[in-house]
Amino acid sequence: MKARPGPIALWALLILFPLLVSLSDSAPFFEDVGATLILAAIGASAWNIVGGYAGQVSVGHAIFFGAGAYVPLLVFSLWEVPPLAGVPLAMLVAILFAVAIGLPSFRLTGHYFSMATIAVAELVRLVVSNWELLGAAIGMQGPATPRGWWDLIFRSSVPYYYIFLGVLACVIAITWALERSRFGYYLRAIRAGERAARSLGVPVLRTKLIAFMLSAALTAVAGALYSIKIGFVNPESGIGILVSVQMVIIAALGGAGTLYGPLIGALVLIPLQSATNTLFGGGGSGLTFIIYGGIILLLARFEPGGLIELWQRLRAMVLGRFSRGAVDAA
Amino acid sequence: MKKGNFLSAVLVAATLAAGPALAEDVKVGAIYPLSGNAASAGKSELDAIALAVELVNGTYPDLVSLPSVGKGGLSNLGGAKIQLITADHQGKPEEANSQTLRMITQDKVAAMIGAYHSNVSFTATAVAERQGIPFVVGDSVAANIMTRGFKWVVRVTPIASDFAKNYMEYLQDMKKAGRKVETVAVVHENTDYGVSIGGTVVEQAKSHGFNVIADVAYNANSTDVSAQVLQLKEKNPDCVVFVSYTADAILYMKTMKSLDYLPPMIIGDDAGFADPAFVPAVGDLAQGVMNRSAWAVGKPGSVTYRINELFKAKTGRDLDDTSARGLQAMLVLADAINRAGSTAPDKIMAALKATNLSQDQVMMGYRGVKFDERGENTLAATYLVQLQGKEYVAVWPEKSALAPLQWPMKGWK
Amino acid sequence: MILLQVVVGGLLLGAVYALFASGLTLIWGMMNFINFAHGEFVMLGMYVALVVTWIHGGPEVFVPIAMVALFALGVCVYFGLIKHVTRGPMLAQILSTFGLALLLRYSAFAYFKADFRTLPESWLSGTLNIGGIFVQNSKLVAGVMAALLTIGMHLLLTRTALGSRLLAVSEDRSAAMLMGIRPDRMQALAWGFSAASAGIAGALLAIGFPFSPEVGATYALTAFVVVALGGFGSVPGAGIAGIIIGLVDQISAYELGPIYKDVVVYGLFVAVLWVRPQGLLGKF
């Protein structure tokens, strides 16, 4: 990867973010929003592998998020081990789900695939809300007070922020490696046209399935980080349809099928959510969602390719003015 | 560049939300669902809490029998006023965490009150616990909120086991009075509210010697409930206990009428049956429905009557039980802050723990307010009310009854 | 006897689902476009009915008014928003109607508040007793309307010149343009029809169902299932799938318990999709 100023500046800002806001007297709140943002970026980046690169718009990723959120709290409630210990198992469960859902569903394309994933996710949510072992409708809780650092319960959000940031870096690095590999070309070929890809010798089903498994495992990590931080999960917050929709919206807003699209989407959407709720939520007038919905609508109307395209256009404009040379197509 | 936008957006948000504040004001953070499915209930409860703050800050000579009320501010803090900071948790635990953290660290609230949904109270109290800020739970009834050994949380409301016991004692009284009460059906919605109360009611019914012939869980978003009503019609229990939210409670009454099925008695557990929309919508069909309520408007001239008048002037409707429990919790908190004589969280918490209010110092039907070591109100109680005409009136236990009890219920007949 | 009542209940509920879904499938099939704001259209239909009752109009007045108002809204939404995203990526389409849904839902929220509403009693509020089987008038009317609407829309698409032009645009936009059809006008009309049917559905549902601005989401997911089960774009498919889902819903709620009915409905749906991916009547 050529050293490009954009991504480097972005990472530098993300790393320095807690330091920057520590000057503000509302630092703990900003740090918490920051951690939420990075977590959302992890989920959306994981979704992006199958939803963006392979163009298979899954609206059922809440299953994997939920597996990630539930398994760590389940191992805690069964054996009192730190929730962190459940993360590998959570990833495994998510991968099994991905195989079970992917094998029959990948014969479906377009909206049918989306609908099938929604329906399976609803099924799983309904089963979990009636399953005593998983806390049924009431949900599951983590340790109430930390027994040691390994419970990952901190008073401040900064440790979460850096843990999440590290995971995000890994997810983006994996995506980056994927993008350059033969596998990445397969994915894009499938997105461009499944029939054409097959005729070129791309093993379509296998490629989609592997991408789905990888995406599921990484989404499960996001879910695990969520439930470890919040210390609680119930069917709605773990497997609710809004969990899936949020991943899709963030990736689409930033630019699906691009390396930094999901992160850019999260950088815009999460602060937007937080700011509108902080400003207008307390009044109870509904203004929060009028503004939030309006902005999403306008972005879709005027920037259908996502914010990253806007960024690239701006960059091309600026570069063009200086060099008039060929623009490095990102 | 993106980062800059983000920061400035949030900073603007921060400054605006903080708003103008007088130096001696005591800030209290209130977090409720103001959007999403429960927005109606959340807004109503927040209105009631805002009224509680007005009662504390203003001068109301006729209400001074309630501690710290009507004296124009908190007397032990030189007449300081309470300033209410409000936030919307949208029914999401993670939003509740983030907004609670914001109010504690940015607005520097001295104490918190909330949060309607049990699961949201569960996670928001954990944030307050870690930050060392008192959190008063006004209305959430799930047991697990108070069983974690937290030091910074108290709960004023009666809880699931209290209600369930009341229902069964009432039914036993009816049995003693010669009415036929052998079988009970429990119908509850399937989220933490319905499951925790429904489960407790079933347990208590069995231990009080009733035969539970149906225990039906359903999804509160149901667009149709006729199958459940037909199940009830077939089993024909002597009493049906509903644990329902608003739309489903209304739908049950309408569906029962259209399928021509009326059990001898219905007990509705608060929430949907107490929603301000319930009586205008199906009051004519639900004559004689029993409901729990720790709140009663009372006779003209009484403290409760006056409070209801004030609420009505503000919002155009009567105070309901859920909102009234929130109002009472806010008054308990205000009194504790006053007795602490300080805005230091540890002093307020100590004062809260030391709360000892008698029956005539509270506006609700509690026997008073006194917390045990877990933070539960040991004197919490509720009475049963019955829909007669356009209003719920207290009918049980007999000593607080304002009207004779009707059995069986009349319904639409 | 009780089982018969359950079946009748299922048929009536199915009619409601069909009513809800027919407009959705029109857009989905014709433009390959998922409208996430369809539930909000229905919600607005309910509030139109509410406002009309304030000035003392009964169902004979508010149903047509809701239809006309929502038709106008549908056309406006098409020209203001949909036209510009319809040839963009599928994700932009999802984003746009998701944003629209939030905007509409919370605009209603800001104006009408979060409170639950019910319509006052009218000549449609009662119940019919047919030999011990109880049928709510409002649901009966909704059922009849659903049947009429489904048949009417099907005939419109298959038997009229306007229908041929609508279908021509959905088959091949540029070829249709060469034939002298203006695709924008046709698609705006489709959005108008779709929204108008949502308006009728909302106004009829409001008679028997308490509602708040959040009500759209309650129906939306089931409506998607109905549409996909019936086959995208197949209006008769939506009708049949609506009835099937309604019956399965009621019978499983009665036999297994209400919390399992959704499990059965979604399970059935997934199974059908895996066996017959194009839906019951879909062409694929």
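In order of appearance the chains are A, B and C, and numbering begins at 1 in each one.
Assume a residue touches a chain if its C-beta (ideal position, glycine included) is under 8 Å from a C-beta of that chain, and two chains touch if they have at least 3 such contacts.
Small disclaimer: the values here were computed from a predicted structure and weren't measured.
**Q** Please identify the chain with the largest separation between its CA centroid and the CA centroid of subunit C.
**A** Between subunit C and the rest, the longest centre separation is with B.
**Q** Taking contacts as defined above, which has more of them, B-C or A-C?
**A** Contact tally favours A-C.
**Q** Subunit B to subunit C: how many Å between their CA centres?
**A** Inter-chain centre distance comes to 36 Å.
**Q** Could you please state the distance in Å, as a whole number, between where the Cα atoms of subunit A are centred and where those of subunit C are centred?
**A** Once rounded, the distance between the two centres reads 32 Å.
**Q** Where in subunit A do residues touch at least two different other chains?
**A** 129-130, 284, 286, 288-289
**Q** Which subunit C residues touch at least two other chains?
**A** 106, 109, 114, 259, 262
**Q** At least two partner chains per residue is the criterion; list those residues in subunit B.
**A** As it turns out, subunit B has residues touching two or more other chains at 34-35, 39, 42-43, 190, 217.
**Q** Which residues of subunit A touch subunit B in the complex?
**A** Checking each residue of subunit A against subunit B gives 10, 13-14, 17, 20-21, 24-30, 32-33, 36, 129-130, 136-139, 141, 144-145, 153, 155, 157, 226, 230-232, 234, 236-237, 264, 267-268, 271-272, 274-275, 277-279, 281-284, 286, 288-289.
**Q** Can you list the residues on subunit C that touch subunit B in the complex?
**A** Those in contact with subunit B are residues 2, 5-6, 9, 13, 16, 106, 109, 113-118, 127, 129, 134, 136, 208-212, 214-215, 218-219, 222, 249-251, 253-254, 257-259, 261-262.
**Q** Going by the contact rule at the top, pick out the subunit B residues touching subunit C in the complex.
**A** On the subunit B side, the touching residues are 34-37, 39-40, 42-43, 190, 216-219, 221-228, 230-231, 233-234, 246-247, 250-251, 254, 257-260, 275-277, 280-282.
**Q** Under the stated contact criterion, what part of subunit A meets subunit C in this complex?
**A** Per the touch definition, subunit A meets subunit C at residues 57, 104-105, 107-108, 110-112, 114-116, 118-120, 122-123, 126-127, 129-130, 241, 245, 248-249, 251-253, 256, 284-290, 292-301, 304-306.
**Q** Spell out the residues on subunit C that touch subunit A in their complex, using ranges where they run on.
**A** Contacts found on subunit C: 28, 32, 34, 81, 84-85, 88-96, 98-103, 105-107, 109-110, 114, 213, 221, 224-225, 228, 232, 259-260, 262-263, 266-267, 269-270, 273-274, 277-279.
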